[in-house]
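So, here's a batch of structures to check.
Two complexes are shown next, each including chain A; its partner changes from chain B in the first to chain C in the second.
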Partner chain A sequence: MLFNSYEFIFVFLPLSFFVYFYLNHKRLTIASKGWLVFSSLFFYSWWNIVYLPLILVSVLFNFTIAKTIVGSIDFKNKYLSKKSLLKIGLVFNIGLLVYFKYMDFFISNINTAFGSDMGLLYLALPLAISFFTLQQIAFLIDSYEGLAKEKLFLDYAVFVTFFPQLIAGPIVHHKEMMPQFASVKNKVKNYNNIALGLFIFSIGLFKKVVIADTFAIWATAGFDTAITLNLLEAWATSISYTFQLYFDFSGYTDMAIGAALLFNIKLPINFNSPFKATGIIDFWQRWHITLTSFITAYIYTPLVKSFKNLSIHKAMVATLITFLIAGLWHGASWMFVIFGGLHGIALVVNNYWKKSKLKINKILAWFITFNFVNIAFIFFRAKEWSDAIKVLGSMFSLDNIVLPDRLEYKLSFLSSFGIEFGTWAEEISGSNWTAIWIIIGFTLVLIFNNSIQRINNFQFNYRTVSLTGFAFIFSILSLGKASEFLYFNF
Partner chain B sequence: MNKNEVFCIVQNTFKNIFNDNDMVVTYSTNSDELENWDSLNHIKLMSAIEKEFNIKFALGELIELKNVEAIVNLIINEKLE
Partner chain C sequence: MKTKKWIRTWIVIVIVVLPIVGGFNYVIDPYGENNYFNYPGINEIKQDERQLKFNYLYNNNNYESVILGNSKGTIIDPSVIKKFTGLETYNASFSAGTIDEFLEYTKWLINNRNIKQLFIVFEYYALTEYNSNGRMPPKLRPNTSFKSDYFSFSKFKSSIKVILNNITFIEDLRNERKVYLDKGMRYYTKYFERQNSIEKQLEHIEFLKSAKITWLGKNISEERINNLKEIVTLCKENNIELFLLQTPSSYRILNINDRKNYRKLLSLIKTIALEIHPVYFFNDFNYINNNLKYFLDNNHFNYDVNELIFERVFLDKGIGLKITPNNAYKIDTLLELERDNKLKEK
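Presenting the complex of A and B:
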């Protein structure tokens, strides 16, 4: 079920909310947790019930392994050490991900490399597998290191399947979630959280339905339909995608945070004005923050620690490896490896630059960062190398320049340099509105407060009520063409 | 070991890792304000503190220890019990 659908907003969310608090009100705590798991699995199965057994097996297996690791099941001392159990758990989770997400990618690469003809499996990517796998890997490691201990299967099932964060994060940790679910105070409706939740949910809905889906028109046409692009179309395509991805994913996250707040659960921050970043290190502290934390804690740190005699050069090797893995985590394609590699290299450059103590003008630093991020996202979006080159090549080619015809009167002398005047955004199904939207996009991401700042400064007053109402109603009216979130494919 | 003793050892570890005997370390010192407190130095710092106190931080803890107060509190409350 999509957050941006009538059935979620008007049926599923109110029903799950009222029944949950009714059961809690009647002091039926176990039933209320059971209801939360049931509704979350219903929410998950709405797309495709075929993968319901998969998530159930994954949850059950990880719970059993973790319980054995922490010693609640008297099995490990007899047969297996704690470390072997952790390894089994990790192999299971990574194996599941590799099988469902990367198998065809590996087969087709082997076929290409060795000229073999192995058949592909054509498995559909099970929804949310990338996210619930990461969350459970972190849980297993935390259990192994004594940070997490879960005795009850129902509590564990709530932790993994809680529907606001199930599909695409934010990636949560057991120790930040379970005390919230256990708190007696949180089992009672909290009108402040409801107001705040509806406010942030409506902002997220607006970001997705009104802003991201508008930029999607030009990004999709530019990447998927257009055969050639002129200079302005190519830039509009790439910037439209960059904005689409941000408003889509941060909009989804806002909706997740808002929906969770209705249940008195605070999810972690995932975005903090990433396009205000003045360096790539800064960017990753603002973009998909819970993923950055995960890869820093569970990939980068053990890698660095495995090196003897730490040095910056070794740390940079670890950074590059970490980002290649993070790139590939997004999807089974070389384009994601290139995306991860580009960001890894940029982080290395940024780190050495920092060490050199050379100063750089802040605006220039922002300009370089934004353009790098925008160009790297071309590889993130492109299905194939040729798509990426089509957009990237046209962004830096002076052979095909078309300017808006209204400029012809003033700039007609440019015609002698081969520059044409006409409909400049035809290939991307755009118009002058595209340029206006891009300016609006820059204004929103660079000048306005982000959702997290808005949550922190939230006051229940006439202004916030009107803003919520406007965002909600405007979005609902645009809902007819509900589209999936980009991160659902990762 | 009391909080102040732990703080003094942590303070000295900072000075050693950052190679700066004059640096001022307070409870509120954090990774946002201290430019050299990057991800590599964080690991170096934490490994040195682990050695000093003969303790071990979990991977899931390291990421949260971004200010001196959090480090001292975790050592006192969890690790030296």
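Presenting the complex of A and C:
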């Protein structure tokens, strides 16, 4: 089920909310947790019930392994060490991910490399597998290190399946979630949280339905439909995608945070105005923050620890490896590996630059960072190398410049340099509105406070209620055909 | 403001505004989908050509021949066809019509009417992935949900537009609608104004020489090719005589992009003729293509061309070619001429 659908907004969310608090009101706490798990699994199954057993098996298996690791089941000392159990758990989770997400990718690469003809499996990617697998890997490692312990299967199931964060994060830790579910205070309706939840959910819905889906039109046309692009079209395509991805994913996260707040659960923030970043290190501290935390804690740190005689150079190798893995986590394609590799290299450069203590003008630093991020996202979006080169090549080609025809009168002398005047955004199904929206996009990401900052200074008054009501109503009226969130594909 | 009051206010805003918008859209009914309330001067004249024509077809049962096409199709005068066939003909063409839409109309016509002839006027883009975002009438798109339609901001904008148009341009709209409903063809008053003045005609031609031109559609859609095959099959099964027409464009359109698009069009026509159905093809750089005086704009021929098109269809003479599996080589000849740079506009 999509957050931006009528059935979620008008039926599922209100129903799950009222039943949950009704059961808690009647002091049926186990039933309320059971209801939350049931409704979350229903939410998951709405997409495709075929994969319901997969998530159930995954949850059950990880719970059993974790419980065995922390010593609640006696046979561990006789047969398996804690470390062996952890390894089994990791192999299971990574194996699941590899089988469903990467198998065809590996097969096709083997076929290409060795000229073999192994058949592809054509498996549909189970929804949310990348997210619930990461979350459970973190839980197993935390259990191994004594940082997490879960006795009841129902509590563990709530932790993994809680619907606001199930599909595309934020990636949550057991230790930050379970105390909230256990708190008696949180079992009572909290009007402050409900109001804040409605606010942030409405803002997120607006970001997704009104802003991201508008940029999607030009990004999709530029990447998927256009055969050639002129210079302005290429830049409009790449920037449209960059903004589409940000407003789509941060909109989703806002909706997740808002929906969770209705249940008195505070999810971690995932975005903190990433396009205000003035360096790539800064960018990754602001973009998909929970993923950055995960890869730092569970990939980068163990890698660094595995090196003998750690040096800055070795740490940079670890950074590069970590980001290649993070790139591949996003999807089974060399394009994602390139995306991860580019960011890994940029982080290495940024780290050495910081170490050199050289100064750079802040605006120039922002300019370089934004353009790097924008260019790297081309590889993130492109289905194939040729699509990426089509956009990237046109962004830096001076052979194909078409300016809006209304400028012809003033800039006609440019014709002698081969510059044409005409419908500058035709190939991306755009118009002058494309340029206006891009300006609006920059204004929103650079000047305005982000939704989390707004929540921290939130005031309950007529202005905020009107703004929230307007955002919600405008989004509902713009829903039309609910479109999927981009991060559902990862 | 207290939190509870804030929440109550939010709920009230949502509960009040959403039904108002939905109700307003339902009452104004900008596309003429429910016809619950038609009030002169407010919303009597709707704005959607597809819906308007479909409503007419829905309410009139006397047509034996129907034209389905794009905006170029709307210029065809059905009485010209009647002159050749004797059949009552209605022009149900609409802007940017694509094959998937024609298929839905064809199915509806077969299930609900007893037609003997069907003319499909198509452009290159009709068989590509091009999406016009045209609104299919609800009866032809049964999966459209009620809720998403009326609780829609775009429909709200259309409702406002309909009211403004009805208040401001009522006479023009009435005249236009009359022609739509009588024949289904568009009526370009400026064309008739130019007929009495050579000066205006020359001015118009000069204007067309430098006017902005575009070519729609990029990659051929397999799905739409299959849609066309389905139309052909349905017509055969129901004894409907089917005519596929690729009507004239000006040489300026055909020359776009160093004729790369034109070569794609030729290949498409050959594929259709060989694998699906014969095509009446009018873009062989004939004297109509080459003379801008036959055009309303670079893409749309004018009323003078109607008779010439149907002379080829029914009398096998004049401009254009009927491309069949037996003479598809004519397309190859055009391609060769094009390759050798011998296919020239005058």
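Here, the second predicted complex is superposed on the first by the 490 of 490 C-alpha atoms of A that agree within 3 Å, B and C clash if a C-alpha of one lies under 4 Å from a C-alpha of the other, contacts with A are read in each partner's own complex, and residues count from 1 in each chain.
One rule holds for everything that comes next: a residue touches a chain if its C-beta (ideal position, glycine included) is under 8 Å from a C-beta of that chain, and two chains touch if they have at least 3 such contacts.
None of the values given here were measured: they were computed from a predicted structure.
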Query raised in the report: Is A:439 in contact with chain B, with chain C, with both, or with neither (first, second, both, neither)?
Result: neither
Report task. Using the superposition described at the top, determine whether chain B or chain C touches more residues of chain A. Result -> C
Report task. Answer with first, second, both or neither: which of chain B and chain C does A:351 touch in the superposed model? Result -> first
**Report entry** Partner chain in contact with A:310 - chain B first, chain C second, else both or neither
**Finding:** first
Query raised in the report: Given the touch rule stated above, what does A:118 touch, chain B (first), chain C (second), both, or neither?
Result: neither
Report task. Could you tell me if A:145 is touching chain B, chain C, both of them or neither one (first, second, both, neither)? Result -> first
Query raised in the report: Between chain B (first) and chain C (second), which, if any, makes contact with A:422: first, second, both or neither?
Result: second
Query raised in the report: Between chain B (first) and chain C (second), which does A:468 come into contact with in this model arrangement: first, second, both, or neither?
Result: second
Query raised in the report: What residues on chain A does chain C touch that chain B touches too?
Result: none
Requested in this report: In the complex, go through chain B and note every residue touching chain A.
Outcome: 35, 38-40, 43-44, 47, 58-63
Query raised in the report: Given the complex with chain C, which residues does chain A contribute to the contact?
Result: 6, 191-192, 194-195, 198, 225-227, 405, 422-423, 426, 460-462, 464-466, 468-469, 472-474, 476-481
Query raised in the report: Can you name the residues of chain A that touch chain B in the complex?
Result: 138, 141-142, 145-148, 173, 175, 281, 293, 296-298, 300-302, 304-305, 310, 312, 315, 351, 354
Query raised in the report: Can you list the chain C residues touching chain A in their complex?
Result: 1-7, 9-10, 13-14, 17-18, 21, 129, 147-148, 151-154, 156, 212, 214, 218-219
